[in-house]
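Once you scroll down, you'll see the structures, which are given as structure tokens.
Two complexes follow with chain A in common, the first pairing it with chain B and the second with chain C.
For the complex of A and B:
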């Protein structure tokens, strides 16, 4: 182990919120150290970043919702005062999303404040404010005419007929006409290959091209685009989607993914590559029982000292919030006092699990949205509502009051709060 | 136009399916109606012990003898569905403060267990032994220190969900008509007697009438309400029993523990997991709306941790519950109620021909069904036909395949083959034949539970699956520690393909499957299981977003 690593900003957490915070502070010229344990929830991303739901849209009619993502986010903030969008405001959301797309251009498509409608593995459509490059050509309202939905012959993991059958109901709403086709599995892969194995194989030279050739042969006449399983390459630099499309002769896209997620791993790789290229010092480890910002803290094999800290440690999957009978924030022992639908307060953390959940699974679940309460500058608050420390910020899923996976914001909160926390940390130094 | 039967059986639990099988084997025309799926009530949510009811030896020696003998019969007709589970009943040392009274109690226990040994040969059980402290800690090192020894007790368990399914399938194979997700809504009455049932298919809305001179009400905890709706009474004391599933094997053997109130509970290894059970509390709520509560979870964990302290760090993956239908008795505590069974006759209430089943034990289901079938023959005025349910194997029970030989074909790994053999017996070969025909079905959907894609297809084709959630009970889809993250989508795809479901139906079925799991986890969300829940919601969230 080396000596003390000094930085202007210490970021804990290497998911979307932590990475965007680090990159924002870095762009402002600060020296940044980032401590991260594991890929976390960002690596489980479906490929889309929802940003904000259209609260006024008709249930079951996703294609009818046309409200631009930024406007939808502002409306969400107005309707939900405890949501992070409301706490920090959405005025700079467009700037934050554009920043993320620029920094992560290897994986993400540019942000243009337009809702895209992307197909899930179940043949339903989901509106997204932001998506990966691999999804763009699959925007259901951009394909006019025939959309080929291609599954791999001899593989049961992806059901092209199910996807095409589901998308069929959107034809009347302006969606393309879907048709299921089959292409051969990439060479060397059998019926039992897992998604990441398929994706890794397609990154290899020649493999994506071979798939493109096979797809071209299988395409029905007049196909305007092709939708494939979400396995088109793990390495964002390998550009498997573009290579398949070039040979197939039509634009190619993936459906969104479930878990385990190849698009999520691809996004995580893009984050890691960008952090390294931007000169962020990445340290493997986690902060445990850390003192306050300004003091040296152990993380993995390193001792790090920085006057400003950003906590972007995620929620339960990331480990930023944990529950062992009682809800707690393990790194700094901050109070967990925010949960959707529940008033802030210390008692929240000690309630039985069942009392923090609703019987209807599909309703917001306070327990699943528990986290830190912060002020408008993303400074965590103590039990009396005062900032814990002037040099401490928090971003992403460690913030309570929202459940990113089900409230229709996805990684939008991580990008906005990560960006703002990074800027605040850069100023606050 | 109504269909005509000799008997309509209401309820697809172990009693209902057991009676349907017996009646069908004896040549009666049978209709079985189950308003959801087989075993969803007390049967499938029991601990699955087909033990001899040692608890009842003093009060109900008949129950013990009947249960032991019938446990032996079940082992004969469904040898594949079984697991042997030796229990340890540890006792505290004198030094540690056991009172004279406690020591006397343990002496009595030994005598008691020794008496139980007389019944053990009936069910292929080994005689009890007494372990010294040294022997006890050698076999079960996770026990808390300071124990003086233990008495062992040999028992057997069974997959009770599949026991119900197999009884129903065999009934059908012998001519019975079996309908799941079909509710017997109303009894048809004639002059002073029942004449059949009006039913409704809850999935399709189809309605119909079934005429029969005898109706057997085996709807368990639902029978009082069913009776009330039809102007009759079925007195019972429904008791809620909660079990916890823990993420791994926290003991080598079953361990009998004493809960905070002195009642006996147990911790036992089961496949790759452990089960803690059982609570026993009066319950007069809606049987369709049953969930474990936080204090029931704590009661069980505290009791199990009193002897195996490491249980405190276990990840609880599910809390599941059912309602026992104990015979009504005013006065005794829940656990002191008799486990005898009764067949109540509706004649006194102007419903001659209606027989209601109350009480009983899983281990004695076959004998109970035999008695009920005898009664049905008497009511029909038919000459008796001998019962054969104790000698004819259930489907797959004719032979016990060797998992190593199943795996030797190279189609599946040995652990998956073992699960297939356990769940399907000789029919495991038919499952593997599907993989031979279509190698895609060799995909293992859940490495935890060893669920094979071909098994899902087999169950859908041959085991009366109508909803995705039925696969929870057929082959454990979405009941393992990951709660369906790995298996739910592909299982839904496979089932949907077999049953012709469109995309919307598949999503609705998935949502319903996830709802069932959520109800079992609400009270236990903690530690790693809470992270798992977040992961599951993230993975399935896009299913349900309305925008």
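For the complex of A and C:
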């Protein structure tokens, strides 16, 4: 065991919220230690970073008439008082998103408050507030003319005709005309390779260039951009997309991914690389029986002491909220709360978790929005609505009030609350 | 009339013949009878160790992050393409389908590179050991013993 590691801020959780919190506190000059056990739900990201859906959107309206992310987030906050956007306010959301894009510039495209419509593996379009660099050229509103959807010969994980057929439905709403083509994979790239293997092979010198040449040969006349399977490089620094595009002669993008997700792994790598470069002390392990901020706590092989803690442990995937018959927050045994219907702040710690689901899938699922309740400074509240500890903050999916996996605000909430929690922790040292 | 005769025969079967048969014909222990009825359908009674492994495996969310730490180098390309986590997906559905993942299980080198990548803390090595010890072998139908 090493000696006592002292820091100004201790962050628990290495997903998007934890990483942004650590980077924000680090930029404010604080010594930051980050404890994480394994990749969390952020590594399952499709490539799109959903900030806020446009709640007032009508089916079939032109894509360009969807509200931009910041305005949609402000409206969502006004409509749902227990959503984290409403609790902390969306005034600094643009600043937080710009911060995230700057810190993670290796993977994420710059923020410009424009909604980008990105194709999924199944030919639908997702309106994302932020996206990876690999997705930018595939924005349906930015392609004027023919969009080539290129599948790899013999590669079963991507059906170019399915994607092109699905995207055809968006032509009337301002999307480009899609056309499916087949590209022969260059020698050395096996069609049966798993997605992360294909992506890793494309990072190697020459491989992305060879794919670009093959794509150029397969492109139909008049193609203005090409959409490829989400396997264009694992290493954010290898710039595989740009290298394919340079040889193909048209802008190239990948579709969003399903799990196992290469874009998710790429985002996770970018987070890890940025944390290391920014001088955040990353500790592998998990908080064991954490007492309270200010006291030494064991994490993996290390003992860490910090006056301010940020809890960014995620929800069910990350383990920040556990379902053991009833819902519990395992690290600090904080009160878990959720909203039911329009009623907010119901204390759920004593109710069986199974009673918190609704049979109708279209209705809100109280179980899926369960989490910690916090005040405007992101301090977790106890059963009686008082902050548990002045030096304890929480950020990301561990916060309740939103269905982070499905309501289209997951990573947006992680970035905003991570950023604000990082700043609050840096001030409150 | 055939109907009263038929009803009388059914009553005889239900009230006399069948209860007497249940009383006097030895059909093995409860476990024997369970096995006779269910083992053919892949529903063998679980030993405690295997049941514990199944509970641990139920935390799997099929995200595939473990795949990135799994080489499966000696498997055929088709088996590698499906990956070892296919075993978990199949396992979560039915134990019958698990036999289809037998080839992948067989090729697992036991490097444990997968385990640190699991976001939901599935003890992958322990589950795989239990699956391999539980008669799941190459090809459909499992392995004898």
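Everything below uses one rule, namely that the second predicted complex is superposed on the first by the 406 of 429 C-alpha atoms of A that agree within 3 Å, B and C clash if a C-alpha of one lies under 4 Å from a C-alpha of the other, contacts with A are read in each partner's own complex, and residues count from 1 in each chain.
Here is the rule we go by: contacts are C-beta pairs under 8 Å (C-beta built on N, C-alpha and C of every residue); 3 or more make two chains touch, one makes a residue touch a chain.
All of these numbers come straight from a predicted model, not from anything done at the bench.
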Chain A as common anchor, with chain B and chain C clashing or fitting: clash
Partner chain(s) touched by A:146 [first = chain B, second = chain C, both, neither]: neither
First (chain B), second (chain C), both or neither touched by A:245: neither
Which superposed partner A:39 touches (first chain B, second chain C, both, neither): second
Which partner, chain B or chain C, touches more chain A residues: B
Chain B versus chain C as contact partner of A:162, first or second or both or neither: first
First (chain B), second (chain C), both or neither touched by A:265: second
Contacts of A:324 with chain B and chain C, given as first, second, both or neither: first
Touched partner set for A:359, first chain B, second chain C, both or neither: first
First, second, both or neither for A:192, with chain B first and chain C second: both
Contact residues common to both interfaces of chain A (with chain B and with chain C): 41, 44, 156, 190, 192, 259, 317, 319
In the complex, chain A residues that touch chain C: 37-41, 43-44, 156, 190, 192-194, 196, 259-261, 265, 317-319
Touching residues on chain A, where the partner in the complex is chain B: 41, 44, 46, 48, 50, 53-55, 57, 59-60, 62, 65, 120-124, 126-127, 154-157, 159, 161-163, 165-167, 169, 190-192, 256, 258-259, 315-317, 319, 322-325, 352-355, 357, 359, 361-362, 365, 367-368, 403-406, 408
In the complex, chain B residues that touch chain A: 291, 293-294, 439-444, 453, 485, 489-490, 493-494, 496-497, 502-504, 506-507, 510-511, 514-515, 518-519, 522-527, 530-531, 533-535, 537-547
Sites on chain C touched by chain A in the complex: 61-65, 67-68, 77-78, 80-81, 83, 116-121
